[in-house]
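Below, each structure is written out as structure tokens.
You will see chain A twice below: alongside chain B first, and alongside chain C after that.
Right, the complex of A and B next:
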């Protein structure tokens, strides 16, 4: 509760626990795998976190508002195809880079239109869109990968500034911007009020529709930005690109202390949630657990955290008429 | 008494074939606490919803400061200086007191076109308001979710004051409160009136009403059956008026 208003306080209990968990599993994996605690592997974990950090940021906004987007990973996939096609057509890399966030923003508006104007719960509306987008990806790609894309974008975005990869400067900037929007502008107050109760927010005179559109737009744009970095890093786009990212993002954000019922969020928590998830996935792979098990671990973590919060009385799905049965 | 802030003339409200209100005349003056009394279904809730802009009247006219008005929504009513504090207070539990008081009408300044909150000023203003109302809340940054029912009423009243409300309508403000809390809220209501606000109050608790109201209006079966100054009436008379046992009400109902 209090962390909302005390934006200046450092780490909350939840965040400290997450940080401790990251340290503990790092030590544990390091003691088992000789490869884990190498600078090369640390770089791999960081590179694997780029997309999730950006998509998790958008997901934090959506969950704080009482929304969700289970199609966000596929939105990144579609945006990645757009960037890939632009590169394949020998478009200027700077323009191709802009096409990612642009496509994502456009798809975010589509999501908002379906969920907000269609007046359906976000979880159902975005599930419907997930079905549509998956086939769209298949049709657009024609069953084939986009691969061997030109290197222009990779050269442009693969640079470092003061020893830190450009991608992390962009991520830091994005987090700073969203933090300011959440804690320092009316938009953030309105978003959190909607997350608490849409009805009360409306009674207070907030234009709920506008705020919800903006949040879905921002989330889509961040997924599109993630797509640009994805294409720059891997220079190919597969049928399954992004398909597990929605689950990863929801798990990381909820781990970080953002309420899945809305009204409360933590950006530092999201960063720590992403790190924990990616370290865990990387470490398990290195000690020989097949990658097939990664989604089992993520899904299991998500269920465990929510169940823990429900049992601790901090979460009541009955409030939403979501009683489990 | 000062001139009437709001005048309602011949207000009627029908829902299909059901007549919820008929021919209600009422004046509400600045600085006055007016209580609406009546049994369940007597029409008092419908009446305040008409005043709050939630229900357009089927017949009749409302004048605010002498000018005829017509409210299509609570927003219109708010623009005329009428604020309604609903029984289920429309506060966001996850936000702080000062955030709630300003929600939807924040103070902001623009930096490169981005509106930033003026948190310090909002906090100061809310601290002043809370002090003025003697609300016994020290920290305007405390989340509303941590407050008691009575403290939440104070926050709702602060919000109404901050919106420059000239008429505050309160629906059962003490219904869910403990004794000590009720006393505080009643004191707040008096403070509101002293500041020159008109207050319209619905309550089932007649002893509360006698403590705080200047004037009482009794509704029965959709009509206004009596109007009394507190100084000129007693609890027994009001109860008789509400239940219909009073000779005036009997005569009135026979005549219809």
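Right, the complex of A and C next:
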């Protein structure tokens, strides 16, 4: 019990280390590339982080309860097509914006039905869905890109509200909602309990099916929201849109200190993990590393973090916050 | 009672797969009669070889339980083929190419095994990480371009046939399955694998070296992927960095379709081979009917979900 309610202090050791890592690699890249430490590039990194952050929030919920979704990037891709089509049909931008989360929630419903109701291991079920959705994207797009979409949505999300763009408020609201659900409601407590031990959670009277179903639904909805932002930013949708986001999100969330074994999670950690990953990817690109190396770096980072955690856990470095808290 | 019924499992699985296969063939015959010739048999078995080897490794890893899964098989196939070709380029004697390819696969598989057994990282996340690292490396090291220059003496093996059956199928895939079948059914080691998958705790309590066995199985899965990589080299005459694409999904589907229980401890390799042939026949049929290849991944994915749902339902009915 202590383990579940703890972790309310603002920054734990893990998060401080991530923050320090962000600073260190920023300084390192800045000393090598003259373009890296410019306001323009900082803005690029922030903009590129938005979709990953939203999907990362959902992935945090999933991993915390011992789940996973490798199809989530393609869910964003499909939702982006829906938003793009809506914009292309000159739908009101506000309505088009809502179509993103709606499509995402719908696809989340499918995932939840397969994984939770069908009681298929999440990794296998979502791998199957990944295949299905990839075909679906091709069929829906008909082999053509959506491009040159109207600017209405972009303008709407860029509207200044109390001096800050509307998009910032939406993201902050999404973060706050997930944080509240995780830390201030029975849902969050149950989610972590399921992550600790599904069997014990069931015995304690927690409706495991409902909680898991809700988590997949929320994750899908957040991916859909990410799609709205994606379309607003890039105003085009390709066959490959979102294809690397699932790995990026899993890596960022694991980096942030959420345990894949479940029962432990950190939303601030996820935010920092997202920043670290995007800074790293941007910096490597700027110092001339071909983009083909990105999956190698991300996959390698994931393995390295997990290995380090395992080794640190064995040496009982628990105080540092690297091992199981 | 359940144990008694599970003895009928393999026969049932084979019967279902054979029926499905006949349905696929009949469908193809109705839609395009010219597609069914002895040449098609050769093509199907040729394409089956790589998937069969990958699926066998996948099946063994899953069979041993402990949430075992090898998502990196496809990446291992690509990277072992590419690594061998790059070594050749760097001056390795051509005669060593087959050995290099297989050893590369073995090492990549053992790395997975170490992550899973020594560091106790969940197989799904460990092999997801290595999947991206391996397949990414194969692409990054080559810039995505095929690596030509496979020695000529290797090609007759990769492209030859014996009585219409491709040589790699006879000499690599078939022996691997026969050997695996014999080991699983007739040796203590095979019983250990089932025991581990059925109940890991009891297996440990009776003194089965669970971790060592599992490490070896991941190594074998990698080695089989290395052999698959070698088959691809001998067949195409060049190393293709994306040869293992979608193999994680296809091998998993073949294993599940072949009657391997997702939580381990139940199933045999005969069904897996039948499932591989069924899958490849289906894919070849779609190609013959000029269906875009993009449909393949969706159909295989849907099949995977369908098989697992059907398995769940049949368990409920028992």
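As a convention for this text, the second predicted complex is superposed on the first by the 300 of 325 C-alpha atoms of A that agree within 3 Å, B and C clash if a C-alpha of one lies under 4 Å from a C-alpha of the other, contacts with A are read in each partner's own complex, and residues count from 1 in each chain.
The working rule: a residue touches a chain if its C-beta (ideal position, glycine included) is under 8 Å from a C-beta of that chain, and two chains touch if they have at least 3 such contacts.
As the structure is a prediction and not an experimental result, all values here were calculated from the model.
S.K.: Which partner chains sit in contact with A:306 here, chain B, chain C, both or neither? Use first/second/both/neither.
M.R.: second
S.K.: In the superposed arrangement, does A:247 touch chain B (first), chain C (second), both or neither?
M.R.: A:247: touches chain C, not chain B.
S.K.: Which partner chains sit in contact with A:296 here, chain B, chain C, both or neither? Use first/second/both/neither.
M.R.: Touch partner of A:296: chain C, not chain B.
S.K.: Is A:283 in contact with chain B, with chain C, with both, or with neither (first, second, both, neither)?
M.R.: neither
S.K.: Please indicate which partner A:84 is in contact with in the superposed arrangement: first for chain B, second for chain C, both, or neither.
M.R.: neither
S.K.: First (chain B), second (chain C), both or neither: which does A:100 touch?
M.R.: A:100: touches no partner chain.
S.K.: Between chain B and chain C, whom does A:56 touch in the aligned arrangement: first, second, both, or neither?
M.R.: Touch status of A:56: no partner.
S.K.: Once the two complexes are aligned on chain A, which partner has more residues of chain A within touching range, chain B or chain C?
M.R.: Tallying touched residues of chain A, the top partner is C.
S.K.: Mind pulling up the chain A residues that touch chain C in the complex?
M.R.: Interface residues on the chain A side: 68, 70, 114, 118-121, 123-125, 127-136, 138-139, 247, 250-251, 254, 260-261, 290, 292-296, 298-300, 302-303, 306-307, 310-311.
S.K.: Once bound in the complex, which stretches of chain C touch chain A?
M.R.: 67, 69, 71, 115, 119-122, 124-126, 128-137, 139-140, 143-144, 246, 248-249, 252-253, 256, 262, 292, 294-295, 297-305, 308-309, 312
S.K.: Would you mind writing out the residues of chain B in touch with chain A in their complex?
M.R.: Spelled out, the residues of chain B in touch with chain A are 74-75, 78, 86, 90-96, 99, 103-106, 108, 114-117, 119, 141-143, 145-146.
S.K.: Which part of chain A faces chain B closely enough to touch in the complex?
M.R.: 1-2, 4-6, 180, 184-186, 189-190, 192-193, 195-197, 199-201, 203-206, 263-264
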